[in-house]
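Presented below are the structures under discussion, each in the form of C-alpha cells.
Next come two complexes, and both contain chain A; in the first it sits with chain B, in the second with chain C.
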Partner chain A sequence: MAQHQGGAHGHDAHGGHGSLKSYVIGFVLSIILTIIPLVLVLNDYVEGTAANVVLLVTAVLQFLVQLLFFMHLREENKPRYNLMSLLLGLLIVLTIVLGSIWIMTYNTVAH
Partner chain B sequence: MLEKIKEFAGDFFVTGDPLIYGADVSIALALISIITVLTYFKKWGWLWREWLTTVDHKRIGIMYIIASILMLFRGGVDALLMRTQIALPDVHFLEPEHYNQIFTTHGVIMILFMAMPLMFGLFNIVVPLQIGARDVAYPFLNSLSFWMFFFGAMLFNMSFVIGGSPDAGWLSYAPLSELSHSPGVGQDFYIWGIQISGIGSLATGINFIVTILKMRAPGMKLMQMPMFSWSVLSSCVTIIFAFPILTVTLALLFLDRYLGAHFFTLDGGGNPMMYVNLIWMWGHPEVYIVVLPAFGIYSEIVATFSKKKLFGYKSMVFAMMIISVLSFFTWLHHFFTMGSGADVNAFFAITTMLIAIPTGVKVFNWLFTMFRGRITFSTPMMWTIAFIPCFVIGGMTGVLLSVAPADFQFHNSYFLIAHFHQVLIGGVAFGYFAGLYYWWPKMFGFKLNEKLGKWAFWLWNIGFYVCFMPQYFLGLDGMTRRVSEYSWDMGWGPLNLVSTIGGFLMGIGFLFQVWQIAHSIKFMERDTTGDPWNGRTLEWSIPSPAPLYNFATLPQVQNQDDWWEDKQRKANGLPSTKKPQPLEPIHMPKNSAIPFIMSVCWFVAGFGFVFDWLIFAIPGMIGVFICLLARSFSYDTDYYIPVDEIKRTEAALRGAN
Partner chain C sequence: MLTRKFKTRPFMAAHTDTAHGSHAGGGHGHDEHHEHEHESMKTFGFWLFLMTDCILFATLFATYIVLKGNTNGGPTAHELFEMPGIIASTFILLTSSFTSGLAVLAMHKKNVKGLIMWLGVTVLLGASFVALEVTEFIKMVHEGATISTSAFLSGFFTLVGTHGLHVSLGLFWMIGLMIQLSRRGITPVTQRKVNVISLYWHFLDVVWIFVFTIVYMMGVM
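Entry: the complex of A and B
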C-alpha cells in the first residue's frame, strides 16, 4: 500500500483483467455446468454412482471455469505465485480428503 | 422480580469459588485504575488517536506484544495453580471441575493467545524493517487482524468470571465438547473466542505473504532475504492452509451445538473420530507455525552475535519450506491409539520421523555458524545457546513418540506432556524471548538490563529442567495427563514435588523479566546509534525507534546481510556502493477507527451467540456489515508526507548522533 501507487486506483495499473468476451463465455459456461446436474438429478435421469460421477465432474469443471475466467489464472505474470499457491492448496485439499477417507476406512473405533 | 434477578445472576456469573471472587475483584480494580489514570492524565484522546486507530505496523506490533505478555501471565498462573494441586498426593486445593477448566484455558491461552500474538507482534515489528518496506501490504487489514485477535481473546477470557470456562481440553474433543456432554456456555466461549481471533490470524498470514513477496526493497532478491523473513514466509504459508481447517471444524461443532446437527455426535450418524482427525490437521501444522519464526529468530541472533554470515543459508531456506509443507502430512501421530491399523500408523510414523531431518539440518547450521565465530554472550545469544540442547532433547523424545507401537505406552502420559513443553518452551518461548531482547532496542530505543536479564535467564532455564525432566519419568511410571488428584500409594509424590518447584522457579523468572522491563524503562540509557548489537540486516540501518515511514529513502540492496557488508566497506576505507537517493514525498495509509469498531461488533455478536441472545447477536452482526460497507465506500484512505517534514524528522532523529 505504502509503496505501490494508491490502493483503490493501483488496480487499473496492472492491466489485463479479462475482457467482456471472456467474462460472458465464463458466465455462460458456469450456468450450463450448473444446469446440467440440476436437470439430471431433479428429473431422476441418473441415479446412484452415475449421479455422483456427474456431480463431481461438473463440480470440478465449474472450479476450472471460475479459476480461468474469473480468477485470471491465465493472465498472471512470472513468478506465478497464484498458480503455485493453487497447486499447493490442491495438494493439501487432496491430502485432507484422501487422508481422512483412508484413516476412517480402517478405523476400528468408528465402526 | 428480585428473586428472578438473583437467580439469573447466579447462573450468569461464576460463583462459589474464592479464587474466582479474587479474580472478580482484581478485574474490577484493574479496570477502575485504568479508567482513572486515563481520565486523570487526560489520555483518552491520545489512546484513541495514537493506538486504537493506528495502522502503523510498529505500534500494532507493540500492542500484540503487550497483550501476549498479559496472556502469558494468565496462562502462567493457570500452570502454577495446576502444579500446586498435583504437587503432593491427595491435595484439595482445586476441585476436579475447576482443574479441568484450568488445564483447558492454560492450553488455549498459551498457544492461541500467547504464542500466536507474540509471534505476530515480532512479525509486525521486524519484517517491514528487515525487508526495507514502509509498512505491510495491507495496513488496514493488519489493524483489523490485531483487534479481531484482541476481542476474541477477551471473549474467551471472560468465560472465567461469566458463564463458566470451557473444560473439555485445549482441543475440545467431541463428543465431550458436544451439547450432550458439555451443556454449559463454556464450549461456546471456546468456539467464538477462537473463531473471531482465527479470522485475524488468517488475515495476518495473507498480509505477510504479500508483504514479503511484493514489498521487498529494490534489489533484494528472495535468496538475499534475511532468515527471519524467510521463516515468516514459511510460517504464513502454513497459516493460510491450516487455519481454514480449524475454522471449518469449529463451525461444524457450532452447528452441532447450536442447530442440532450430527457431525461429531455419538448418535444420528455422527462420528466423533472425525473431529479428532480434522482438528489435528490444523493442530499439527499449528505447532510448526509457532516454531518456524523462532527458528528464524535464532538464525538472525546466531549470525549477529557470532559476527559471521549464517552457515548454510540455502539449506536453511529449504529446510524451512520443507518443514512447512511436511507439517501437513503427519497429523495422525497425535492419535495413533485410535486404531486405524498398521498401514496408516506406519505411514504417519515415517512422515513424522522425516521432519526430524530438516530440523537436524538447521541445528547443524546454527552450530557451524558459531564455529570459529567471535561470540558475544548477550542475553539474546544466551537464550539461543540454551535453546539448542533443550530442543535437541525435546526433538529426540518426539522421535521416540513417533514410533507408533511405543506410542501406545506414551500416549497421553506425562512423557508426552514433558515432550511438548520441552519443544514449546525450549523452542518457541525461548525463541520469542530471545527475539524480544534482540529487537527491544529497535522498538523502544533502549536495551533491556543485562544483569536482571541473566537472572531471569538462569531461573527460567534451571526451572525448566527441574520442572519437566521429572515428568518424563512420571509418564513412564504411568501418570496420565489431566489427572487432578492421585493417592500416596502411586509413588508419584516426590517427582511431582520437584516438578512443582521447577514450575515456580520459572514463575520467579517471569517476575524477573517484568522487573527487568520496569527497571530498564526507568534507568537504561537511550541508544542513539540505532544499531546497538552491530547488526547485519536492514532494520539496524535506521534510527530506533524507527520513524513513522521507516526509511526516508528506500534502501538499494545488493547483498545478503546488506547493512553489514556496507559497514565492512566503510571500515576498510572503501567508498560505499550506495548512491544517495533524493527525498520524495512518502505515500502512507491513514489511521482508521473501523477495525476497532468492527471488532467490538464481532465481540458483541460473539457474546450473543454464546448465550443464544439474539438481542446481542443480531445488532452485532449488523454492526459488522455496516463497518464492511463503510470501508468499501471510503476512498480517502491515504496521504503523502511532504519532503520538508521528512527532512525535519530525519534531522531530529539523526542529529543526536
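Entry: the complex of A and C
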C-alpha cells in the first residue's frame, strides 16, 4: 500500500528521469538558441535595442530549455516546492538586477 | 481505507507522503521508502542552495552592469574580448550540460560504467572550459587589463571568475563522486549525489548563458 501510494506521489518527487529524446531535443534547442544571437549580432544584422532584445529573449528561452529539458522542472509533482522556490529566487534576482540598473541610471556621480 | 481517504484530499495525501508515508502503509517497504524520502529532501535542500547561489550571481551581475561603462581610461569590453575563444567555451559548456544529463540517464538504467564514463566526459569538457578561461584571463593581464585597472574590469573578473571557481569546484566534486561510484556502485545515496551534481552543472550552464549574453555579446556589440 505504502509502495503504491509512494509510486503515485512520492517516488518521482525529485523530478522525472527524463528520456534520451528530451535530452537530445534540449541540447539541439540550446545549440540553436546560441547560434541565433551569434549570427544575428556578430554580423550586424540587428543593432541597438533590437540586438539587445534578440540577445535577452534567446538567453531566457535557453534558460527555460535547461529548466524544462535538463532539470525536469515540468515533471515535478504537487506541491511544487522547486517551482515555488525558483519563482522566489527569480523575484529576488530581478529586483537586485533591475533595481540596481534603475538606481544607477539616474546617478550622475558614477558617470 | 487510509489511502482512499487521502486520495480524495490531495493536500493531505501530499503531506502524508513527505512526512509519514511509510507509517500509513503499516511497515510495508518501510526503510526503503523512508530512505528515499530522506534523499529527495536532500535534493530539495540542494535546490534551495542553488536559488541562493542565483542571488549571489544576481548581485555580481548587477555590479557588473552598473560599472561596465567605468573603464577609467583602460580597455573597453569591445577592445578586450576575443569572441572565438568565448564561443568555443560556450559550446563546450553546453555540451557538458548535455553529457551530465546522459550520465543521469545511464544511472537510471543502472549502468555504472556508462554513468562514470559520461561523468568523465563532463569533467574533461569542464576542464577545457576552465583552461580556456584561465588562458583568456592570463592574456588580459599581460595586456595590462587587470582586476585593479578599472571598475569595469573589477566587476568583470569578479563575475566571470566566480563562475569559473564554481566550475572548478564542480570538477573536483565530480571526480570524487566518480571514485565513490566505482567503489560503492549505484545506491540511493550515490544516486542522490549524481542527481544533485547534475543539477549543479545545469545551473552553471544557465549562469554562463547569461555571462555570455550580458558580458560578452553585449560587450562586443
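Assume the second predicted complex is superposed on the first by the 93 of 111 C-alpha atoms of A that agree within 3 Å, B and C clash if a C-alpha of one lies under 4 Å from a C-alpha of the other, contacts with A are read in each partner's own complex, and residues count from 1 in each chain.
One rule holds for everything that comes next: a contact is a pair of C-beta atoms (placed from the backbone, for glycine too) under 8 Å apart; a residue touches a chain by one contact, two chains touch by 3 or more.
All values derive from a computational prediction rather than experimental measurement.
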{"item": "A:Ser100 touches, of chain B and chain C: first, second, both or neither?", "value": "both"}
{"item": "Partner chain(s) touched by A:Gln62 [first = chain B, second = chain C, both, neither]", "value": "second"}
{"item": "Partner chain in contact with A:Tyr81 - chain B first, chain C second, else both or neither", "value": "both"}
{"item": "First (chain B), second (chain C), both or neither touched by A:Phe70", "value": "second"}
{"item": "Partner contacting more residues of chain A (chain B vs chain C)", "value": "C"}
{"item": "Touched partner set for A:Phe27, first chain B, second chain C, both or neither", "value": "second"}
{"item": "Partner chain(s) touched by A:Tyr45 [first = chain B, second = chain C, both, neither]", "value": "neither"}
{"item": "Residues of chain A that lie at the interface with chain B and also at the interface with chain C", "value": "1-6, 81, 85, 88-89, 92, 96, 99-100, 104, 110"}
{"item": "Sites on chain A touched by chain C in the complex", "value": "1-6, 9-11, 13-15, 17-20, 23, 26-27, 30-31, 34, 37-38, 41-42, 47, 51-52, 55-56, 58-59, 62-63, 66-67, 70-71, 78-79, 81-82, 85-86, 88-90, 92-93, 96-97, 99-101, 104, 110-111"}
{"item": "In the complex with chain B, residue positions of chain A that touch it", "value": "1-8, 81, 85, 88-89, 92, 95-96, 99-100, 102-104, 106-110"}
{"item": "Residues of chain B touching chain A in the complex", "value": "133-139, 213-215, 237, 240-241, 245, 271, 273-274, 277-278, 281, 325, 328-329, 331-332, 338-341, 343-344, 549, 554, 586-589, 635, 637-638"}
{"item": "Residue ranges of chain C in contact with chain A within the complex", "value": "2-3, 6, 10-11, 13-14, 16-18, 21-22, 24-26, 28-30, 33, 36-37, 39-40, 43-44, 47-48, 51-52, 54-55, 57-59, 61-63, 65-67, 69-70, 83, 87, 90-91, 94-95, 97-98, 101-102, 104-105, 108, 192, 195, 198-199, 202-203, 205-206, 209-210, 212-214, 217-218, 220-221"}
